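Chain nomenclature is as follows: A, B, C and D, assigned in order of appearance, with residue numbering initiated at 1 for each chain independently.
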């Protein structure tokens, strides 16, 4: 009787194994790429330049002290400055296009919450938290980038270390989930 | 929302890879699948994520409660009562709370339509530019041949149309809805006229009353102004630390009001007048007064027998009524909507006179004196004229006569004889489907306006209406359409548009002594919008009431029935109101308070009777009256006279959108065309018979039949 | 070593005196090689009928179980008959049913081993296999019945970025731990006695089978030291698994007993569930033995009326114990007089689903009590098959009574409800029966279903001794 | 009562005056509109899957003609010792130490439905399917409240979103919450003022005062659940 190859040397099995490995690795890489890289924005907004000239975050994201959402500036606000300063650049041409058509700029959010999570800017800002504590140092970014590892443990870590006397309130599920 | 859904869909497709990594990273931001569009011009009062509140007026029924609408990013989110509004004081009923389901209903009319009376081959969307000339041509018709049919609420549109009609010699617009005819508004007003000498709707100060006798007035659910009366009911019960009001309800079918009453007296339909007279006699005797002339010939024992109650009970109640400080008798609903309804209403109002409970706290007041609504009799005249081809143009707004009016009246047939029918409906309702044009008005939450003269307000009130969201579709305010068309037709009114009209109408209020004033109209206007209207701070009711002596009345008493073959039929409105609420899914889903039934029509039968007839729960029966028939499932209702059956009104739509259509049956088919002396539908006189069809259709009930009734 | 008469030897009646001892497996020895050959044939014979069954059951698993489950996951729980207030239905009923059955399989094997009942020898493995696959089928249900099965891992204690642990106060977490513990220990308990038989199979096969058995047999050579250690290990596990079984099934009963639901909140539920589990489990063993006996080659040699007889006696005893607990629970509930509990008991006996309650009583009490006292019936395998099947129907009804029927009639009559299982639920339940049978069927061709070495050991130890003129059966204690 | 509530922290509480309650169900609808409770349709209601966070348990008292409905609006009683909490394997049903209410954390819920079985009030509802709210009707959904997807339990939260918002507003203005500043949707709507909400830890709040009323009782007090909802018996014939 012909000596049979052991099962792990069968070509079918081997090809299958390679395929499975490809799918798994591809899935992981794809998942990381899809979720962990900053998305492409309609206008490659250079945060670093704006922060660099000393613009306050709250000038454009004025809602941060008032309510849940920091808000995005409308074309009105962008154009308020840019019709006077710095008109020539390919990105600004895009902006001019939106202004001309009176269209909102379809910004793609970067720092967003998963479903079921209720994050409000105002209590955090009013508690004296710096924007950079969560959003990273925008002076070093052009397009905003999502910060890594901002999961529930990260939230709790900060809640615990910054206000231990309020731990009951700050660890209460209803503070963020309802 | 669409963003969210896109994201959901993406998650479904994206499959394992992204999902796994999302799990690994603790739900990383799936950011690139959401697009966020900031306002191009951010309204300065609007902040993303924060609420903006608008005060307006609820338009779901004619009561006119003040509302506060919470909006976020231009969307109407929740509706609550306006705490300052003198009518409802921050409270609201189910109908007002679900108004957004009308605003955001997917079945609205999206723009002007050439409806061609339902002829689908000729139907077409049209534009406002094309239809304004149509309306203006219509307005050029001979004035006497133009008819307007509007909703019950006395609003700015009514004022505008009335003004146009006055200045052009057209008949005054009619205001009608089924709810008004179930309430018996005209009868109540006429009874007040005959009793107190003023044609005004009486106001019953429930909150301060001690003993309340309600004859058919379901004021906790639908009658006149349920929110304000519910609020007063709560105060009557518990606001006074030592005294708890006592409520007695006389009606054949236990309504929500009767269910909350301390005593429910199930008298036969049609015996209310006799019972009132018997009470009058007994009360006079208990108080040692002269027995009123009308009641002298009445023998309480015979009346009790006729009405189907214990004579001793009648005496006991009369003593209670006579002995209390503030005893109130309220006529309403079925009790006064019968052939002797007017006399019945008078007899009941006279009970208040007997205990001198007029114009004092806990008693009867009179509100302002404008005609509150059009009686059905006037609608009959209109139908007659339509049948005689005396109406060339019919404008319909906020009314759905094809659905609401008794079928025997033949409105649908009469409609066919009108050359031009223009509907301003926001929804494709039954009447709109049979119109030539549907020129959709804004939804109430998108429009300006006001409502005057609230049926249960204790003071002069103008309640303002303002848009809380931008109009969603290509709709246009009917007032604007009419103003533009009237101008084009050469009969212009001196107003540039709807807002101008409203502002000119409220100018007199600036100096009318309200709780705020302003140097000029623009400032006044902004406060008017801010507060949700204008009213005076002090209670402003007519306390100068004197009663005419009671006139003798002879009542024929209830109709004799063949036992177990014939039944008194009670048709009652529910939370769906005049049927317009049927396309609000949450009103459909809300359990009917008494039966916990949802989403359908049912026939209430006393279980005892049902047993005798071999009828089980959920059996479909055919209810027949001399005027028509319908089929619906049976609910064995323990709180109804064994010789009475009851059917709720509001379902059985053949149009009005996905949630209303093809659901239940419309009891308008069972109703007569007869009216009482004051022109209200005499729907309480109907005798019906029932027959099993052999079919079963389970009703959607929230209660457990086994647990509540012990039936499996 | 001393000769000793065994527990069931004492029960002999005069009727049995006339029985030919040769009818008993232990006194009907065959040569070792012959037994091995019979078992190997049993494992390797695959008829057309077998394949038809295998394909049919496999399709049943794929369609009825995974197809229906997949459909339910993709569309939602509305396909079930669950409703307010009955949030647990046939999924949990079947879960308790499978867990009950599986708990008894290993238990029967272990307790008989501990008490050295000789009649256990040919069917211990069949019973243990029932445990493993019963658990496999049953353990699916905590997943199936979840509203969001894709996040089932929230129940598993592992350190995570959320700083959250499962709620160790919840009986469902205890359940998870108990079931996994029992699955692990019963699998080891199944595996240990299997090792010598796998080695036997290894020596008699070629090709891929040989490789697989070689790996699984762990290089078993049959030396004295190996036998010593194996027996020691089996002994330890047999003793250890009995308390494990008791605690684990008590925990399953706590799912109900620690709740506040009227009719569940009963302190007697622990032992009540255990007895119920044993009753249904032993019955299921008999059912399975009958099927094995009539479907597998040579099985009628190993499984004889004596085994059905002995198990039948056990069933009778447990049926009586179950009845005791049932009436105890019922009586105390009724006597306690809590309105809600009384209402439930009344509804069970008179409500629209009273037939469930009566089926339970008939199948669990009336039928065993009327039949199993009779030796002839006990020794007729097909009758035993029907009786034990009915007992399991009865036990299913017991769980059905406890779960949906009790939930449907809680404290507020306004919220009562009637539960009717829907097609998807029934399909999934049938699917797990297919899964169980399918796994059993496949396994019957992969491992020796009869522990050959145990049978051989027994046959060596048993002999007929001449005492005067009569031949008397005797057993030599081997350990 | 005093000895029962001993050792239980008090915060938010609700009083239901059954003498004022007319059973009109405005609370049901107000709650549903505020909390994005989906309407389920006729078939689901008939099947017993109508989702109501608060609903009127209408029983009948007496027989004709002395028959009367006994209305009892029942919502989650926010038990101080809640039966739903210990049985949840994932802490989805969990006690809020800060607000002293029972929370349902939707994203933690895996749908064992054990809590619903164990709730003697049947206050918990299960999402058998995803809400079916066609566009543009989804526009009215309250963004402050999660739209629950299928497979999770949900229940009355005492409108915790309003509590949190009120707390944050008060804290931003550096003042304590005022009595009556936070009202759940049902309380705000109730036409007859039968529902009163407030802080039970403040003895002067309206709700504390009302909870002392001699008519007070708690639902299934004998189970030791220590509800935060107090009912006041109706007077007269249709008493609680």
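List of remarks:
Operating definition for what follows: a residue touches a chain if its C-beta (ideal position, glycine included) is under 8 Å from a C-beta of that chain, and two chains touch if they have at least 3 such contacts.
Keep in mind that what you see is a predicted model, and the values were worked out from it rather than measured.
The interface carrying the most C-beta pairs in contact is the one between chains B-D.
Here the spacing of chain A and chain B, counted between their Cα centres, is 51 Å. With centres defined as mean CA coordinates, chain C is found 65 Å away from chain B.
Separation between the centroids of chain C and chain D, computed from CA atoms only, is 45 Å. With centres defined as mean CA coordinates, chain D is found 37 Å away from chain A. Residue positions of chain B touching 2 or more other chains, listed in rising order: 26, 49, 703, 708. Each of residues 114, 120, 149, 151-153 in chain A touches at least two other chains.
Each of residues 57-59, 91, 108 in chain D touches at least two other chains. Contact topology of the protein chains: fully connected, every pair of chains touching. Here chain C touches chain D in the complex through residues 75-78, 80, 82-85, 87-88, 142, 145-149, 151-152, 154-155, 164, 166-167, 169-173, 176, 255, 258-261, 407, 410-415, 417, going by the rule given at the top.
Against chain D, in their complex, chain A makes its touches with residues 114-118, 120, 122-123, 126, 168-169, 172-175, 177-178. Chain D meets chain C in the complex at residues 44, 47-49, 57-59, 74, 83, 86-91, 108-114, 116-118, 120-122, 125-130, 150-153, 220, 223, 225. If you check the complex, the residues on chain B that touch chain D are 1-2, 49, 72, 75-81, 88, 90-94, 97-98, 100-101, 103-106, 220-221, 226-227, 230-231, 233-235, 237-238, 244, 246, 254, 256-257, 259-266, 472, 575, 585-591, 593-594, 596, 598-600, 606, 608, 638-639, 642, 663, 698-703, 708.
Considering their complex, residues 4, 6-7, 149, 151-154, 156 of chain A touch chain C.
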